[in-house]
Structure formats: structure tokens, C-alpha cells
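Let me begin by handing over the structure; questions about it come next.
First chain written, first letter: the chains are A, B, C and D, and each begins at residue 1.
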Amino acid sequence: MARIVSLADAVAELIHDGDSVALEGFTHLIPMAAGQEIIRQRRRDLTLIRMTPDIVYDRMIGAGCAGKLIFSWGGNPGVGSLHRFRDAVENGWPVPLEVEEHSHAGMANRYIAGASGLPFAVLRGYTGTDLPGVTSTIATVTCPFTGEELTAVPAVNPDVTVIHAQRADRKGNVQLWGLLGVQKEAVLAAKRSLVTVEEIVDELTPVPGAITLPGWAVTLVAEAPNGAHPSYAQGYTERDNDYYAQWDGISRDREAFGDWLAEVTA
Amino acid sequence: MSYTKDEMMSVAAARVLTDDTRCFVGIGLPSTAANLARNTHAPDLVLIYESGALGAKPDRLPASIGDGILGETADAVVGVGEVFNYWLQPGRIDVGFLGAAQLDRHGRINTTVVGDYAHPKVRLPGAGGAPEIASSCKQTFVVLRHTPRALVDRVDFVTSHGKGPALVITDLGELRPVDGELTLTAIHPGVTVEEVRAATGWELRVAEDLVETEAPTEAELTALRELKARS
Amino acid sequence: MARIVSLADAVAELIHDGDSVALEGFTHLIPMAAGQEIIRQRRRDLTLIRMTPDIVYDRMIGAGCAGKLIFSWGGNPGVGSLHRFRDAVENGWPVPLEVEEHSHAGMANRYIAGASGLPFAVLRGYTGTDLPGVTSTIATVTCPFTGEELTAVPAVNPDVTVIHAQRADRKGNVQLWGLLGVQKEAVLAAKRSLVTVEEIVDELTPVPGAITLPGWAVTLVAEAPNGAHPSYAQGYTERDNDYYAQWDGISRDREAFGDWLAEVTA
Amino acid sequence: MSYTKDEMMSVAAARVLTDDTRCFVGIGLPSTAANLARNTHAPDLVLIYESGALGAKPDRLPASIGDGILGETADAVVGVGEVFNYWLQPGRIDVGFLGAAQLDRHGRINTTVVGDYAHPKVRLPGAGGAPEIASSCKQTFVVLRHTPRALVDRVDFVTSHGKGPALVITDLGELRPVDGELTLTAIHPGVTVEEVRAATGWELRVAEDLVETEAPTEAELTALRELKARS
């Protein structure tokens, strides 16, 4: 059974300097509040794992939380660049950022292997691309039945996975619906997990399209209303498209970002 | 009716999608074109988004690949792992419709870096779903704006390639592979070959049977503008 | 878009002598009516694929439809033996039955590989068992990252998969809920597919826990009310536990089974 | 209250399951014991069935592994592939609770054939989920009726083994591995060691500290009988 704690206590308990941490949510249900709390608690040297780094990691990278990023698409969706991510990669600011780069199919399969307790996953991927030349975690494997050569990627097993969901009950059973992303796999692949939710309710009434993560598969649950902003939680909040555009301005130069950061960590 | 180059591009891109085609749709220009097609001549076009929406039927343009309207209107919503493994990888999808930051004469796409990978001049977003979309769909179409920085002789980094695009639609015309090299096969009304050549980063070959694209019809333009107005 | 036809026409069109055929449904939603129709149309030399052969294959094996069975658990659930299956294996009656035997985990992964367009799947399976000694489709594969040795099973890609679901709309979109089994994977792994449904409706209203198979991923849909009997269709029919017990009597000797068969094929 | 041997077996098997344990449950005798435990001393016992029901809470005994009540009462329903790959395989489950047609002195289970595999005397149902349940759960318990045909010196076919069962509960007593051999460690009230030995297909060793099982309490028997009456 998951324990229900405050977001601050959850981050303090689960996430330590040097940990590998996956905050997942594919455009929908991005655990933004948890990201802010990690910044507030000044975590350092994290290996950040996430298919689409998005604003949540742009902030954490700009704040100097990350030593490494494992990802597959790092843009501000619908707007353009992630400027803090670019500044870190292009100029090593505020600290150098090592990158380990995959495709979405590769990342999704790394989570699937992680959730399955397997050391690797097999896919048809990366054909004819330069990615295997720059990413050491892409290899080949031969089918023992047909002799065909396929691509292999290693499992990813984060020390901690953090996701945001619509709601949980008091036993920590988590209910999540709408676009599902890779959240289930990311939680099951992790050694420890935190789920922030819009609300904690007495009973999880059935919702079409919803999946449930049993409380016994989750470490901690924390209430974080509007915790996905500027992303959204289907049925609870709307995506704040304007904020995505605003972030372009905030993140574009170090000073504006510094002001934002000072406010968050004050 | 007068129209912009971007509108011509979206209309031309929409026209190549036929009814009952299963199309794996990149966000941005491809999504605009695919939704225009579905709102005009191809109401039964099947749109698949990497966020897990199979058969999405949005009545406005999605703001992102994870816009809630994709899931709400879809035939089915599946996880991201499933969309790649069960739906894309086995070759069930007819057309992969992609954008690109850079595209070279051999149809290779770069969305990773400009310059050296270890010390990039410009760090681009990266691969996303493109490498496997390009290699697993029966064919790939690319839509992008025609500039010498976008259409280059040789990409700095091959992010995706697959079999190479069967068709490239730009705001100036259309390119198809001829003997392995992207060649101008159609030109939009009012655009000259010299203009296209000047906007291309290599010595662009022109097909002997170069055709002029049909200008957008009033119905097409109206549909496109209504779609954008709703978005 | 799936075409909607009669069950008789669907079987006539899709299933031919010598085909490999998977009728799936894990205790729930077993496509029994389709099985009967295959018997009626006197198909021969089929390779039958199914995790739990159950009454549906006991009948088809007894009727002489099958040359080979690929499976993982062949009992009459809650009752005992499948007597026609046993008679075929033990005595070659009415025709010899080749068996290819896996565990549930292996079979499920064979369908997953089939649905994924991969030639094989990786699992931790069959450890310390005698199965690899009698089943040639169990091999090993080495992780290219860790060097660990794991089990590999080949994809299964039936010529035809048949499943039963609660309902479909007029475009052939199929809605299925309750215990989900491996039906999605079995359909996606197959070259052709038939879905029998309790009813065809104008609109598929959302149901919690339901999955949808888009009509463009299915070949044919046929209405077959109560088509899972004596199995059940959650929300439509109840499992007929008495019939499972009765089948023990019908199937136990060749004569009683012959009478049953004569009635079905009359 | 008087009771049958089968009732003693189910009660003894239920007692070994503690609250909050995650238990992968085979149908038949294991399912009876697990549901009895959940209805008595272990209300928060988590029952996982291979049909995809995670955290099933049936108020009667399921008639089959695919009984609708399992899904209806579960915390979550997942596909059969997922239950094996995401939930069983990574070692998330504490106890695998299995039945067996044959079990040998080294704890190996046979549910495949009696006799030669190619020409079996008796064709049994086969493996089902057992091989991976036995190897992936933290420990395995087996429950079966004690006869010389069931408890054999050496199984004809090893269907599943894993680390071997940590505990075997029969209608006569309990066996645990001692130096790799199943040894009688508990005996049910009213049963003699000679009786158990006669019902075992090998020279059964008896633990020095052999204990007598506590007889079923009235509460246990009532719960078991009510559970069966509802089923």
C-alpha cells in the first residue's frame, strides 16, 4: 500500500543527489509540481530520464539539477526550442549536461524492458540513422530462430519515477485516464515511485479508458492540485498553451530565467 | 481567392492523402495537412498520433502531440509503447507524414544537431518518433518550408531515413526521388524554377515532366481557414 | 474497415484446410460458435493455436479438424480432462495430433512478438523444466549489454485469428471488456481476423475497462449472439458451469461424442 | 466441530498467507485457501490471477481462472501478456500458490504427462502459468492431496520447479525442503506418521521437531463452509 504524504516530504524521502530520476507523462499529465519541488530542494547531479524533456526538465536543467539527460525529443511542443536544455548542451551552462539520446520507440521499449524485469528489449529501430554512432546504448541482437538481426536497447530502471495522475484513493490506488503515455511502464521500471494527484478521494469510481495502478505497486502518493500546469490533467485542468509560449521568453536568456528561479526557490 | 505560400503547401500536402489511408501524423505542418484532408476529400482518413491516439478525429488542430482532443476523438487510446510496437512497427500504417528541420538531396532527415554532434552549433529537439516512422510505414511524405537552410546538400546528422521520402511537399513545390536524388516534380502556381533553385541548398534537378500544382480551390482554402480559426 | 458478414460466410472466406488458426479468449469470451461453424464446414489439417484449448478445441480435435495443436494448458477448467484432446494424443484418434507445448508466459509472448512484427520475444521462462527438451520453439538469447542468457520464443503469426467480443459498430470497430486475455495480440499477430460479437450496434458507448479494436485492424465481423456459450461474455451472458461438467460426459467416450457431432453437423 | 481432511488442508494452507502478501493464485485448491485467508485473518491479502485480475476480491470461490467475478472485484484488470511480463516476471509477487498433479521428493512438479512424453499413459493439461510462477515469485507454496500417485519419488516430466516449493501443504500434513528433500515437518491432528509414509511415494523423512497442526477453529471452518456455500 502506498503511503500518502506531502509533496515536499515525498521528494525529500525519495530523491537524492546523484539519483536517476524519470518524470514521465507524454505531453499530458506532466508532473510539473514535482519538478518544481526538486528544484526547491536543490537536488544536484541527477540523471534525468524522460522521452520528452519539455518545460519540466528545461527548468531543472537550467536550475543545475542535472548531470545527464536520457531522452528522445527535447523541444517546447508547439513553440520551438527548450532554451535551458540548449544552453546546457551548447555552452555547458550552468553545468555541462551529458546526453544519451534515443528515439521514442527506443525509449518506450527501454521502459517496457525495465517494467518487465528484462535487461534489454528488441525492436526494429534506428535503421539508417546516425544515432547508433553517438549512443552506446544501441546494439544489435540476432533472432535465434530466423537469424535476422534486430536492434536491442537496454532496460531503463530509474532509482525513482515520478508521474502525475488524476486521483488516488486512501490506499494509494492510482487512477489515470486520457492519453496514457508510458507512465505505467515508467513506474513499474523504477526502484521507487511517487505519484502526484489532482485529488485524493474516498472511492475511485470507474472511468472509461482509465487504468489503475494498485497502491501496492507505488511507493508514495502526494496531492498536488493543478500539479501538471502548464500541461493538463484530462477531466481536471486544461492545457495552458499561452504559458508554453511565455516560457520561450522566460527561458530564452539566463537573466530572465534567473529571476524565475529566484522566485521559485525563495 | 488569394492565398499564402503556407496555405498552398498545406493544401498540396492534404491532397496526397486519400480516404481510408492510415497515416502516422507528426505534429505541426503534417498534422495541419492531415486534418485538412480529413475535413475535405478524405473523411475516413485514419490518423494515428504517437501519443497513442488511433483514429483521432479532432475538429480543430491539436496544439501538441498530446492534446486531449486526440484521445477524446480517437477510435482507441493506447500507451506510447503499444503505438510503436503493435501499430507502427509491424507495417500496418500506409503513410508516415513528417516534418523536418533539415532534409538533404538523398532524402535524409536531420532534427538532431546543426554542426558537430559533440559540440553542436544548434541543438535541435532530436529524433522523437521519426526514425521508426520513416522505416516502418509503407511510405513517408515530408512537408517543410523551402529554404536553403532546410533543404541542404548533406545533413549534419541523419536522424531518420528509412526508405527515404516518396514525396516532399514544400511551400514552393513538390520533390520526388529520381535515381536516389530529390528532384523537383511539381511547382506551385506563381513560383519560378529559379526561385525554387535559389531556395535549395544543392543543384536541384528538375523533372522533364514538371507540372504546375493546381491552385487551392475555394473549398480547400475555406476548410483550411476554418480549421485554423477553430484552433 | 472490417466487413460485416454472416458467421458461415466468414468461416468459408477466411479459414481453409491446412491453415494455422488461433481461436483466443482466456476462459472469458471463447469463440465457441465460430468453433462449431469450423466443424460444420469440415475443415481439416488445421494447426490450432490457443493458450487454453478448452471445450472449443476438444470439439474440433474430436471432429478431426486438427493436425497440430500449439498450446500451454489443455484442461476442462474446473472439471478435469479434455477427453477428445487426450484421446488424440494418447491414441491418435480420430487422427494423430502433433503437439507443440509452451507455458502461458511463453505463449503470451509469442503472440506479443507476432503483434509487434518481431520474429521472437525474450522472457525469463522455462527455467529448470523439461519443456525445452520436447519443444523445439524454445531457445536462448544473450543480452548484448549484460551478457545474461535469457529465453527466446518465436513469434506466432496465425493465418487467421478468431475472437468473440461483446459488440461492434457498423464500421466494424470492436469493443471488448472484462478479462481481456490475449485477444488484442492474437488479432494483431494474424494475417486475417474474424471477430464474432454478441451484437452489432449503431454506436459504441464507452464502458469502463473496455478496449477497442479499430475496424481497420479487423478483417471480418459476424454477429453470433451467445457465441461464447458455455463460456460467457461479460455484461451479456453468464458462464454455464453445468455445461462444462456435462461436457465431461459427452466427451468421455467416442460414441457419445459421435452422437453430439452428428447433431452439430446434421 | 468435526471437519474433513480437505477442510484441514484448506485451513492449513490459508494460515500460511499473511496480510499484505502478494499472492499469485492457481485455480482449485490454492484459490480456495487464498480466498479463505482473505475472508479470515488476511483481509488485505493481494490476490493475482493469471487471467489478468490484480488484487481480486471475490466473495465466492471463482469457478474458473477466468470467472468474471475476478475482474469485477479487482484493483485492476490487465491483459494476460501484461500479468506475466510486468507483474510476475520482475519478482513483484511474494508467493506463488500452486496445485500439482505430481510432486516429487525434490519438489519438482509434473502437470504434463504420466509416462513417456511422446507416448504418454496419461496426458495431463500441461504447464499453464506454473513454470514462471514457480521461478519468478519470491517463494512457492504447493497444496495437493496426499497420495502415493501424487507424491512420487521422481516425476515423469518436470513441468515446473523454480527454486522448489518452500512449503507443501497436503490433507495429511506439511512438508518442507530439508537438505533439498521434502521432509514431513507437520502432521494434521489424528493422522499418524505411518499413514503419511504410506501415502508418500518415497521413503519420507520426518523432521525431528515434527509438530502437530492446530485443528481448524470454529471460525475458520465456518468461514470456509460459508465460502463454499456461496460458490
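In this text, a residue touches a chain if its C-beta (ideal position, glycine included) is under 8 Å from a C-beta of that chain, and two chains touch if they have at least 3 such contacts.
These numbers were taken from a predicted model, which means no experiment stands behind them.
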Report task. Tell me which chains count as touching both chain B and chain C. Result -> A
**Report entry** Euclidean distance of C-alpha centroids - chain A vs chain B, Å
**Finding:** 28
Query raised in the report: For chain A and chain D, what's the span in angstrom between their mean Cα positions?
Result: 41
Query raised in the report: Which residue numbers or ranges of chain A touch two or more of the other chains?
Result: 117-118, 123-124, 184-185, 209
Query raised in the report: What parts of chain B, by residue number, touch at least two of the other chains?
Result: 85, 89, 136
Query raised in the report: Which of the chains touch, listed as pairs?
Result: A-B, A-C, A-D, B-C, C-D
Query - Touching residues on chain C, where the partner in the complex is chain A - result: 117-124, 137, 139-146, 148, 150, 152, 154, 206-210
**Report entry** Residue ranges of chain B touching chain C (in the complex, touch as defined)
**Finding:** 20, 22, 44, 46, 54-55, 75-76, 85-86, 89-92, 136
Query raised in the report: Which of the residues in chain B end up touching chain A in this complex?
Result: 27-28, 50-53, 63-68, 70-72, 77-81, 84-85, 88-89, 108, 112, 117, 120-132, 135-136, 157-162
Query raised in the report: In the complex of these two chains, what residues of chain A are touching chain D?
Result: 1, 115-118, 173, 184-185, 188, 211-217
**Report entry** Contact set on chain A toward chain B in their complex
**Finding:** 26-28, 51-52, 71-75, 77-78, 81-82, 85-86, 89-90, 101-105, 108-109, 111-112, 123-131, 134, 178-182, 184-185, 209, 231-232, 234, 239, 241, 244
